[in-house]
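What follows is chain A paired twice: with chain B in the first complex and chain C in the second.
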Partner chain A sequence: MNLPAPEQAPHNFAMFGLECRYDIEREQLERAYLALSAEHHPDRVAGADTRTQRLAMERSSLVNQAYRTLRDPVRRAEYLVKLGGIDLDSTDPKTGAPHPNQAFLIEMIEQREALEAAKSNGDDAVEDFCDDVEERADTCLSAAVRALSGGDISQAARELVTHRYLARLLEEARA
Partner chain B sequence: MAYSNKVIDHYEQPRNVGSLDKNAEDVGTGIVGAPACGDVMKLQIKVEQGVITDAKFKTYGCGSAIASSSLVTEWVKGMSIDKAEEIKNSQIAEELSLPPVKIHCSVLAEDAIKAAIKDYREKNKSPTES
Partner chain C sequence: MADKLSIEGTGGLFQIAEPTAKKAPKRRPGFGIGIDLGTTHSLVAIAANAGAPRELADENGALLPSVVSYAGPDIVVGTRALDEQLDHPGKVVSSVKRMMGRGLADIDFAHPYDLVEADDGSGVVRIAVDEQRALTPVEVSAEILKVLKARAERELGGPVDGAVLTVPAYFDDAQRQATKDAGRIAGLNVYRLLAEPTAAALAHGLDRGGQGLYAVYDLGGGTFDISILRLRDGVFQVLATGGDSALGGDDFDRALASHLLAAADISSPSRVQHEAARIAARRAKEALSSADTTTCTVPELKLDGYTLNREAFESLVEPLIKRTLRACKATLRDAGLRAPELDAVVLVGGSTRVPKVRQMVEKTFGKPPLADIDPDKVVAYGAAIQADVLSGSPREGITLLDVVPLSLGLETMGGIVEAIIPRNATIPISARQVFTNYSEQQTGMKIHVVQGERELADDCRSLARFELKGIPRLPPSMARVEVTFQLDADALLTVTARELMTGVKQTVEVKPTYGLSDEEVDRMVMASLDHAGDDFAARNLAEARVELGRVALAVRTAVDETGHLPGILPEAERQQVLAALANADEAMKSVDAKAVTAAREALEAVSEPMARRRMERALHAGMQGKSLHEIETTLADEDTLDQKRGSHSPEQIEQGA
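Entry: the complex of A and B
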C-alpha cells in the first residue's frame, strides 16, 4: 500500500481501508495500522538520503496521528464533523466550534461549585459526581453519533462541544 | 510550554477571585466559554456612576485563562465602563506575553468583560433609551 505525499494525504479512513463512517471495524483498523507502521517505519530507510528519511518520518507520523484519531470514539466523531465542514478546534464563527447557550455555561460554573462541595464531602461524593458527569458525556457522544448518521453535522458539532465542556469538568473532578 | 512570569504570578496569586451578587442592580455578570477546550469564565463588575468600583472572577481553565481574567479584574477597577469596554485581547496577551496557542485565553477575558458590561447596561437601561 502506497501512501501519497503528506501534503496530499487521503482522509484518515481511506488510509486504513475503512469506510468513512462512525462505525468502524476495529480489527481492520488494527491490522491496517500494523501493516502501514511496518511499511513506513523510519528504520527501513535508515541508510537512505536525508529527504527519503524525512519523508518516511512524516508518513509514519501521519499514520500514527490518523490511527489515534480513529481509535478514539470521541476523536473519531470530531473528525467526521471536521470532514463535514466544522472544525471544533477553530474559533471561526462560521466553520469553528459552535458556542453553547448561556444557560449551559452558567450550569458549568454551578457544576464547579457542586464539585467543590463534593470534594469537601469526601471521595464517595466525588465519585458520584464523576459518574453523573461521565454519564452525561456518554449521552452527548451517543447523540452526536446519531446526528452524524442522520447527516446533521451542526447538531453533532453542538453535542461534541457539550462533550468537551463535560470532559473538562471531569478532568478537574479527577485531578 | 513555558508560562511567562506574569502568568505564573497571576495563576499562583489570582487577584479578585470570587463572586458578586448577580441579582444586584449595580452588578454586571459575564459568563463565557471556549468551546475548543471547555474552559469557562465568569467575570463580574460592580458599577457606581459609570465607574467600575469592584470586579470579581471565577475561571475554570488553564493558567493563561486564569491569568487573563485576573489581570482584567485588576485593570478595570476604577475604570469607567466605557473605557473598560475598549480593552482589547491583544493588550492582555501582550501584558502576559501569551504564546500564539494561548491567545484564545485573552480573547475569552475580553469577551467576559464585554459581556459583563452589556449585562450591566441592560439591567440599567433607562426607559427612554429602550
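Entry: the complex of A and C
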C-alpha cells in the first residue's frame, strides 16, 4: 500500500483498511499495522540514498502514530471525537476540550484527599481506591462510546474529559 | 514582517543538517557485524549470508574486557590492559560505558580517574590519562570497537561493510549519540543502534522460529532492563520497556559483603576490609550458583572457614530480586498484558546465573525462563543477525520495531513539562507542536527540549535549548510556529521549525554534548515515583503562577491602554489596582500556591469594576452608528483575543489526523 506524503496524511482508519467507527477489528488492525511497518521501516532501505531513507522514516512515523491512536480504546475514542470537530488537546473555547463543571472539580479535590488518606492506610487501601477509580473511568469510557455511536460528539467529549481527570488521578495513585 | 526564521542553538548543541541527498555507497552482503559494547565485556559476532551467528575470539577467548590502557607507549585493550590496571589505576580505563554521553557533573560514582571538562564549552567529560592526553569516553569506546573490528576483518578477510551496535534499552538520546559516534571514530559504518533486549529476543526468536510474546529479563552487573516483545508476521515489536538502571549483580555482592562484615563483627570497616569483603562476596556468590554451601576465608576480616549456605545468600538478595520483579509487573502493565499471556521469558546478563533469580522469574511469569543461549553472548548474536540483513544478504529479514525508553517533552509556561513523545512509543515517530506569540512585540521564542518522566523541566534531563528568531510581528496568537520532533529508528532526535505565515523552514539535528547516566535515568524514573506528591504540589504552584501572570498582564494592559479615558478608572480605584498589581508581583516569588492564588483573586476583585466599565463603554461606543452585527463581531473578537491571551500554552496537533 502506498502512503501519501506526510503533508496530506490520510485518515488513520483508512490507512489500516478499517471502517471509521469505535468498534474495530483488532485482528485487521494488527495485521495491517505489521504489514505496513515491514514495508516502510527504514531498515528496508538501508542501502538506499538519504532521501529514500528519510521518506521511509517519515512514512513509518505516520504508521506508528496512527497505530498508537487506534490501538488504545481511549485514544481511539478521542480521535473519533476530534474527527467530529472537538479536539481535546486544544484549549479553543469552541473546538477545544469542554471544561468540567465546578462540582466535578471539587470532587476531584476530595478524591485527592481520599487518596492521601488511603496512602496512609497502606497498600490495600490504595489498591481499593484504585479499583474504584478504575471502575469509574471504565464507566466513563463506555458512556463516551455510547454517545459516539449515538452521534452526540459533545457528550462524548465531556465523558472523555472526565476520563482524563480520572486517568490522571489513577496515575498519581499508582505512583 | 520578518522574512527569515532562524534557530540559534546554545553551547554548540546544534548542527545544521546538510540538505543534500547523499548517494549511498554500495553494500557488501555478508560483511556486516554485530557488536555488544558492554560495561565489563564486549563481543563481536557475525552471521554472514543467512548463517547461524557465532562469536569471534582471539587467544584469550571471545569476551573482550572493556578495558583500555594508556599506561605504555601503545594503547592496549582487553585482558592485557586489565593486567596493567593495578599498577596504573589512573591510566587504565574500565567501565567507560558508564560515562558515555555524560557531563562532568553527572559522574557521581567512585572512579580512580582524573576527570576534566572539555575546554570547548561543550560540558563533555574527559579522562586525563597523562599530561598530554585528556580523552572523551567516546574515544575510549572507539579503541574497544577498533579491536573488535580488526577481529572481524581477520575473519572476513577484508574490510567490514557495517555494524549493528547494541545499547541498553534505557539509553537516552545523548548516550545513543555517543555510542554511534564511537562507532564512527572506530571507522565503522553504523547501520543501526539496536536495544540489547531486542537483539537478545531476535537471537532467541529466530532460534525457535516462532511467533509469540517474549519477555527479556536482562540483569547485568549494574543495571536491570525488562522488555516485552511480540514476534508476528515477520515483525519483532517492542511493546514496552522498563527497568532499574541502578540495580544489578554488584548489589548482590554488596549485600553479601555487608553480611560478611557483620559476621566478622566489624562495624566500621577500613577501605581494605571493605574491598576484601566485596571480593570474597563475589566469589561466594559465584560458588553458590552451583554449590549449596561455600566457605569464606578472609584474613583481612579475620574470617577463617566461615560457612555460608545458599539459603542465607538467597534471603539477602531476595529483596533486590523483588525490586526487579516489580519493574517487570509495571512493564507488563505498560504493554497491556498479563504474565500468563507470555510465550517465553529470555534471560540475559551474567547475574541471571544466580539460581534464585531464575526461580523467582519462573514463579512470576509462570514458566521456566529460556537460557539455552549463553546470556553473555545472546545480545551480540542478535546484533549479528540484524547486521547480516542490513548488509543486504539474502536472509529473510525480520523487521525490528524498537521504542523510545523515556518521554521527550518541552518546557512550557511555569517550567511544566509537556510530553510530546511519550515513553514506549514505537520509533520512528514524530510529533508536531504549534507555538503562538502572546504579544505583538514577541519576535523570538525559546524552546527547551527535555527527556524524562518528571513533571518539571528542572527535574528532567535537558537535551537541548534553542531559540526561534524572526517571528513576524503579529497580534497575539496570530503568529504560528510549528516545531516538528522526529525520532529516527535509532531513537535519535531531529528538530524542524517552520513559521506557518511565511513557510520558512529550518532543520536542526539535535546533538547533545552529554546525556543521562544509567544512574540518572534510573534516578529520574525512580524519583518520579518517589516524588509524585512533590510534583503535584510543584505543578499546582506553577499553574497558579501562570494564572496570576495572565491576569496581571491583562489588568496592566487595560490600565495602560484605557485607564486614562474618562470614567474608566477613578483615582482611588487606580491606587487600589496598582497596589494589587504590586502585591501580585510580590506573590509571584512565593512558593505557596495558595498565596499566589489569593493574590490573583484579590487582583480580579479590585479590577472587576474597571473591566465592567470598559465593557459598557465598548458597547456604547459601538452602538453609535454601527449595526448590531458589527458590535457583536467586535465584542466576539475581543472575547476571542482575551481567551487566546489566556491560553498561550502550546497547542498540540496530532500528526496523521
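In the analysis below, the second predicted complex is superposed on the first by the 175 of 175 C-alpha atoms of A that agree within 3 Å, B and C clash if a C-alpha of one lies under 4 Å from a C-alpha of the other, contacts with A are read in each partner's own complex, and residues count from 1 in each chain.
Everything that follows uses one rule, which is that contacts are C-beta pairs under 8 Å (C-beta built on N, C-alpha and C of every residue); 3 or more make two chains touch, one makes a residue touch a chain.
Source: prediction; values computed, not measured.
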| item | value |
| --- | --- |
| Chain A as common anchor, with chain B and chain C clashing or fitting | clash |
| Which superposed partner A:Ser154 touches (first chain B, second chain C, both, neither) | neither |
| Touching partner for A:Ala97 - first (chain B), second (chain C), both, neither | first |
| Chain B versus chain C as contact partner of A:Asp89, first or second or both or neither | both |
| Chain B versus chain C as contact partner of A:Gln28, first or second or both or neither | neither |
| Partner chain in contact with A:Asn121 - chain B first, chain C second, else both or neither | neither |
| Partner chain(s) touched by A:Asn12 [first = chain B, second = chain C, both, neither] | second |
| Touched partner set for A:Ser61, first chain B, second chain C, both or neither | second |
| Partner chain in contact with A:Glu172 - chain B first, chain C second, else both or neither | both |
| Partner chain in contact with A:Asp43 - chain B first, chain C second, else both or neither | second |
| Segment of chain C that clashes with chain B, given the candidates 62-70, 278-286 or 548-556 | 548-556 |
| Common interface positions of chain A, toward chain B and toward chain C | 89-91, 172 |
| Chain C residues within the chain A interface of the complex | 21-24, 26-27, 191-192, 232-235, 237, 386, 389-390, 392, 397, 399-401, 425-431, 486-489, 528-529, 532, 536, 640, 643, 647, 649, 651-657 |
| Chain A to chain B touching residues, read off their complex | 88-91, 96-100, 102, 105-106, 108-109, 112, 161, 164-169, 172 |
| Contact footprint of chain C on chain A as seen in their complex | 6, 9-10, 12, 15, 30-31, 34-35, 37-38, 41-44, 46-51, 53, 57-58, 60-62, 64-69, 79, 82-83, 89-93, 172, 175 |
| Contacting residues of chain B [partner chain A, same complex] | 31-40, 42, 58, 60-61, 104, 107 |
